[in-house]
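The structures considered in this document are given below.
Look at the two complexes coming up: chain A is in both, with chain B in one and chain C in the other.
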Partner chain A sequence: MTLSDTTATTVARTRAATERHIPGRRKRRPLGDEGTLTHPSSHGLLLVLPAALFVCVFVLAPLVFALYISLTNWPLIGSYKFIGLDNYATIGRDPAFWQAVLYTLIYTAIVTLPILVLGYLMAVVVRANRPGSTLLRTVFFLPYVIGLSTLSFLMVLEAQPNSGAVNLLLKALHITDGTTAWLVNGPLATGLICALIIWAVSGSTMVLLLSGMQSIPREVYESAQVDGSSWMAREWHITIPMLRRPISMSLILSVIGSFLAFSQFFIMTGGGPGRDTTPIVLYIYQRAFVQLQVGAATAASVILIVVVAAISAVQFWLLRAED
Partner chain B sequence: MATIAQPTRTTRSRPRRTGGGSGKGRSEDRVKLILYWLAAFLTVIVFVVPLLWFLMRSLQPGAVIAAPPDASSFFDLSTDNFRGLRAQGDMFRAVGNSIIVALGTCVLTTLLATMAGYGFGRFKFRGSGIAFGLILVTLMIPFQAILTPLFIQLSAMRLTDSLLGLVLFYSTVNLAFGTFVMRTAFMSVPDGLEEAARLDGSGTIGTFFHVLFPLVMPGMATTALFAFLAAWTEFLGALTFLTRQDLFTLPVALVNLQQGTYGQLDFGLLAAGSVTAMIPCVILFIALQRYYVAGLSAGSLKG
Partner chain C sequence: MRLSRRRFLQASGLAALTSALPGCGAAILPEPDVTAPGFGEDSTGTVQVWCRGGAIGAAIQAAADRFHTTQDRLRAVVTPVQDAQYVTKLATAIRGERVPDLVDMDDINSMLFIYRDAFTDLTPLVRALPDRDALSPGHMRLATRNGRNYGVPSLADASLLWYNTDLLKKAGVDPATSLQDFDGLLDAARRVRGLGEDTYGWSIGGNSPGIQGFVVQPHVWATGTDQIQGEIGAQSGNIEGNEPLRQTLEFYHALWTDDILPRANFADNGSTWGADFRAGTIGFFPASYSPAVLAADEAARRRTGVVLLCGPDGGSSFFDGGDNLCIPRGATNASGGWEFAKFLMDLPQQQVLPEGGFTPIRADAATAKFEHKYPLVTAPLEKIKKGYAPITLSYNLLFNQADSPFGQMFRRAVFEGDMDGAIREGQHGFDTILTQAQS
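And now, the complex of A and B:
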């Protein structure tokens, strides 16, 4: 997951999906294509043009190009020819591809729920304006701002046998003898990476849920309190149902983030040992830039695009249906 | 199990709570407060201590980081690693490259997004819906998935192995978010304010600088901050689009360091390099948190 990109995406997606539902928010001025004397339409167009151009050149063109390449035996240098769906067949026959798909799914399955639960708990802790709660929000969010690549480098140091903090801590707690070589063992490395990710990105879920929680009217809780319900009951019967939308939103975003995971694996294990910790984006990267099989790599990319776009579509649909 | 139980109504002024006695509400508040402080304490341990630990690591010699802790040397802290980093030409240049790329992205994204936000937020023109949809598409297409075609395209445009290429790419990645933020910022400017300036004879650009700029400045700060942080921490794109060592940004140079490309892997340098990558994020985030939160809550679920 590329962090900052995802934060930005979170916000804009949320907004894109919500905005059209806010009544009376959208139509500031009467709709119409014609500009006015003070606001000539040509100026509007000129202002928007550079941004639109960037999107065309650096997103839409490569997108179309991806489809094209995936149907050819594209080499980095030299000529190429159309080979139809051969690349897709190659990918489909490649056990490494399926291993990467499976690994990505396992990784996603492991981290998604803990991120949601931890993010939820964080939001519960900081939602009331108690002394220090602003500071806590900052602290919860800090790892996310620092970014996964930097944290991964630091974790490499702390995962070393005998000297790394992870081992020192486990030894101090008498759980292990502190000699574990985390990063050269598939399941152990996966566990460590998952722990790092849960720790690092829960803060973003917290932020999403927090703004949802703060928009629940206080009276709802007060009347529930009068009815004598317990705290747990109030969370379960009031907060969670009212947060359905931010919760599904954060789930979807964290699933997309997990599907696109790269840095932490590249840096901490390089995908190894063997292929044991290779998620799909790392598989694509290796296929394209190490094995130089651009066509096959791009075919895998196209599949990834379709999957992620489908999830995004579900997300937009969910948000729309809720209103 | 915690369900909503039918409360037993009594003559007490304070409503009774399930299974509770009088004054339960207040004692629950106290329990909550104690739990809160407990959570705060745990937070410090779980979230602050690791960061301080990393900071300390960057001040330890590499040999100490790599060895089992020994009380006699563990707290021999010095800035030698950072001096080593300074002396390591490639690493030092990488920090410079990162600064150039992050600042360039920050400026270009803010410029493009402000223009687009102005256009979408305050003008009506044919195709505005399509153009906005176009920019929205960027959000649905993860750049991780179009890396190969993008690489081929950028190298055809001679934009690989180029900091400019990286800036253009990062700016596009951040553009959708920025445009959203800026469109909202421009839309929330009251029409009257702008019209007054227009009637005084200001043109599109003049109105922006004289009237709109101070009003949309917070939005611009949000956009700039997000763009800077995104460019500073980005890894996959830089790794893919840069092959010349003298152009590496900090995260990519750290990979080299980690893999021992610059000679024997020195844990001290790796720690110091990572902390160098970390510190600007922490400082910027804490200093400009207001704008960061504004960006996030601008996208929050108000519906």
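And now, the complex of A and C:
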């Protein structure tokens, strides 16, 4: 029997044992006509009515309104008229839109995995209640608390040639001569923004994963240790499988966040140079508030909503499929 | 009645639709009757004034405070609105039919609203102004459509060429004779550069499209040429074949290749605009009054001189930046708004504008006393007719955005030296944006 077999057996044995003891997990009773999801009771609906009204007014109504605006030539100023699907056709023919879509996909692909990996590693470092763990948790989470807008403004200053901390550090390390103009070069600006985001957002992933790690019973690890499994084997065969839900949730949130990225680009590059760092939300913003074409911008927003909803649905489906 | 899930969802959908419908309203608001007897005189109540934030907000608020000391019938409530959000917020207010009584806005954006019938026709009131001929014609043009006036100027922010008199003296440059054309400027800038390794001839925010549009265009306007041609609705770019524009780009390219511009200019987004000039290491600095003079210490001011921006072979011009005052249609106290607007245009208010970094919009503000107090402000007032700014609905797109065709053309031509490619790309960019905006 190999070590991984031993670990797998341990995990299976322990999972069965722990599932028997998970408090609050009860077998579902058969559902009748009353109180089921398919046939809800009137009382249940009345109870959710306030929340439903809230959603109607603040989510559905704006959505319906947005759909309507997307079918008009709604300018920021002045009158408008119904133009059917013209905005969608115009958006589809706009190379800038597709450039923004492609850039958003690239950006998402670049940052998603590093955020997860770094968040995981940080959670591993701080999960045990060792001296200093609380301080480290605070330090790791601090960038997220400070907020992207503040960090972006700071980075604009720190990325200045000759005077910014980024360039001074690289110069001190003899990597560059300290004159790199990070924000006027598309790939360099993208790299800098990605580095900033990975650093800033990993803290929130850490918190999500940490809560998952802390819910894994210690007996599982002890049992695996008794069976002689290594640290790596325990992480691979115990921690990661049992963190499937938090990891999935982190990925979903990370992907949605990347698709909706705006402030860091708006502040640090304004989408430039040219359109080299224009993600889809910044494209929508510029279309609405610079080009003053709210109808076309809303059409792009509707497309974005559909795409993000579809991606999220697929991710949720993948998560549910193994249950 | 049994509340089924289907009924519940139907009711929710209907509620959402009902909530959304009120947002679908849009109309041209009623225009105040500016010909009514007593309009703009002895008004009462409150006048809601919107203005840009920062230094402009402070200047308008200071004027409002003075206004309140002169009478107690009418109170001006000043609301500063962040510059970048001004158009959006005003458009939202107009759509929501809750407009201010008077707006003090970037003059370059006033036509956006005038073109959409959002502002009041002030022509009879403007014609009745005793000092109307002294008002900045560049500002007035930006608020005039089909011969009708929809606004009046409140303050100016002109782009001029500032120079360091000490450096020019050391370099043997006579500003009175050497700054008339590009040959003279280039020679002078080269001489200043020759003064030392850390002394540069010229400085510009090379990564700030807004600054480039502000200080580079007047070189072209000085020849009577613009980068935009045609009337609103049928405008197109005037880039290819625009010889003054090509000469201007070549001039800046020479500044770059001859090492007359600091290397930091390449990435300068304007966040430290003018710091090098104020530090005394730059010979020439095209900019407005505020970064060149207001932000400088007394020693730096004493060594500063100013001229208008010249064309390639002579002539001169400056960007007529600043603000216009307009009364939105639907204003509830338009009379009070006009009374406050007149107050803002009065000489006592105009002659203190340099305290906030701005220039008066009246040529007659340049009195001997004023010139003695603010010697570096009078250059654009003495030649107020040289001021210009293009009339277009797409200024921000064409010039101010990171992906603006003017900014991209400038960088490609100046820093990369691809003059033909930059101009070709610029023409395409201008035409695309103008076509989209006018469709």
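FYI, the second predicted complex is superposed on the first by the 252 of 323 C-alpha atoms of A that agree within 3 Å, B and C clash if a C-alpha of one lies under 4 Å from a C-alpha of the other, contacts with A are read in each partner's own complex, and residues count from 1 in each chain.
Here is the rule we use: contacts are C-beta pairs under 8 Å (C-beta built on N, C-alpha and C of every residue); 3 or more make two chains touch, one makes a residue touch a chain.
As the structure is a computational prediction, the values presented were derived from the model and not from experiment.
Asks: Thinking of the overlay built on chain A, is A:63 touched by chain B (first), by chain C (second), by both, or by neither?
Replies: After superposing on A, A:63 lies in contact with both chain B and chain C.
Asks: Examine A:160 and indicate which partner it touches, taking first as chain B and second as chain C; both and neither are also allowed.
Replies: both
Asks: Counting only touches as set out at the top, which of chain B and chain C does A:80 meet: first, second, both, neither?
Replies: Second partner only.
Asks: Figure out whether A:92 sits in contact with chain B (first) or chain C (second), or with both, or with neither.
Replies: Neither partner.
Asks: Look at A:278 in the shared chain and tell me whether it touches chain B only, chain C only, both, or neither; answer first, second, both or neither.
Replies: It touches chain C, and chain B stays clear.
Asks: Determine, under the contact definition given at the top, whether A:183 touches first (chain B), second (chain C), both, or neither.
Replies: A:183 contacts chain C only, not chain B.
Asks: Can you tell me whether chain B or chain C touches more residues on chain A?
Replies: Residues of chain A touched, chain B against chain C: more for B.
Asks: A:139 in the overlay: touching chain B, chain C, both, or neither? Say first, second, both or neither.
Replies: In the superposition, A:139 touches chain B alone.
Asks: Considering only the touch criterion stated at the top, classify A:301 as touching first (chain B), second (chain C), both, or neither.
Replies: first
Asks: Once chain A of both complexes is superposed, is A:246 in touch with chain B (first), chain C (second), both, or neither?
Replies: In the superposed model, A:246 contacts chain B only, not chain C.
Asks: Shared contact residues on chain A, chain B side and chain C side combined as an intersection?
Replies: After superposing on chain A, chain A residues 39-40, 42, 45-46, 52, 55-57, 60-63, 65, 76, 156-157, 160, 162, 289 contact both chain B and chain C.
Asks: Under the touch definition given earlier, write down the residues of chain C that touch chain A in their complex.
Replies: Residues of chain C touching chain A: 2-3, 5, 8, 12-13, 15-20, 23-24, 26-28, 87-88, 91, 94, 112-113, 116-118, 207, 263-264, 266-267, 269, 271, 393-394, 396-397, 401-403, 407-408, 411, 436-437.
Asks: Enumerate the contact residues on chain B facing chain A in the complex.
Replies: 2-5, 7, 15-18, 20, 25, 28, 32-33, 36, 39-40, 43-44, 46-48, 50-51, 53-54, 57, 65-69, 112-113, 115-116, 118-120, 122-128, 131, 134-153, 168-169, 171-181, 184, 187, 191, 195, 198-199, 204, 226, 229-236, 239-240, 251, 254-255, 258, 267, 270-271, 273-275, 277-278, 281-282, 285-286, 289, 292, 295-303
Asks: For the complex, which residues does chain A have touching chain B?
Replies: Residues of chain A touching chain B: 2-5, 7-16, 18, 21-22, 28-29, 31-36, 38-48, 50-52, 54-63, 65-66, 69, 74, 76, 125, 128, 130, 132, 136, 138-143, 145-150, 153-154, 156-158, 160, 162-163, 165, 168, 178, 199, 207-208, 211-212, 215, 224-233, 236-237, 245-246, 249, 256, 260, 262-263, 266-267, 281, 284-285, 288-289, 294, 297-298, 301-302, 304-305, 308-309, 312-313, 322-323.
Asks: Given the complex with chain C, which residues does chain A contribute to the contact?
Replies: Its residues touching chain C are 39-40, 42, 45-46, 52-53, 55-57, 60-65, 68, 75-80, 156-157, 160-162, 179, 181, 183-184, 269-275, 278, 286, 289-293.
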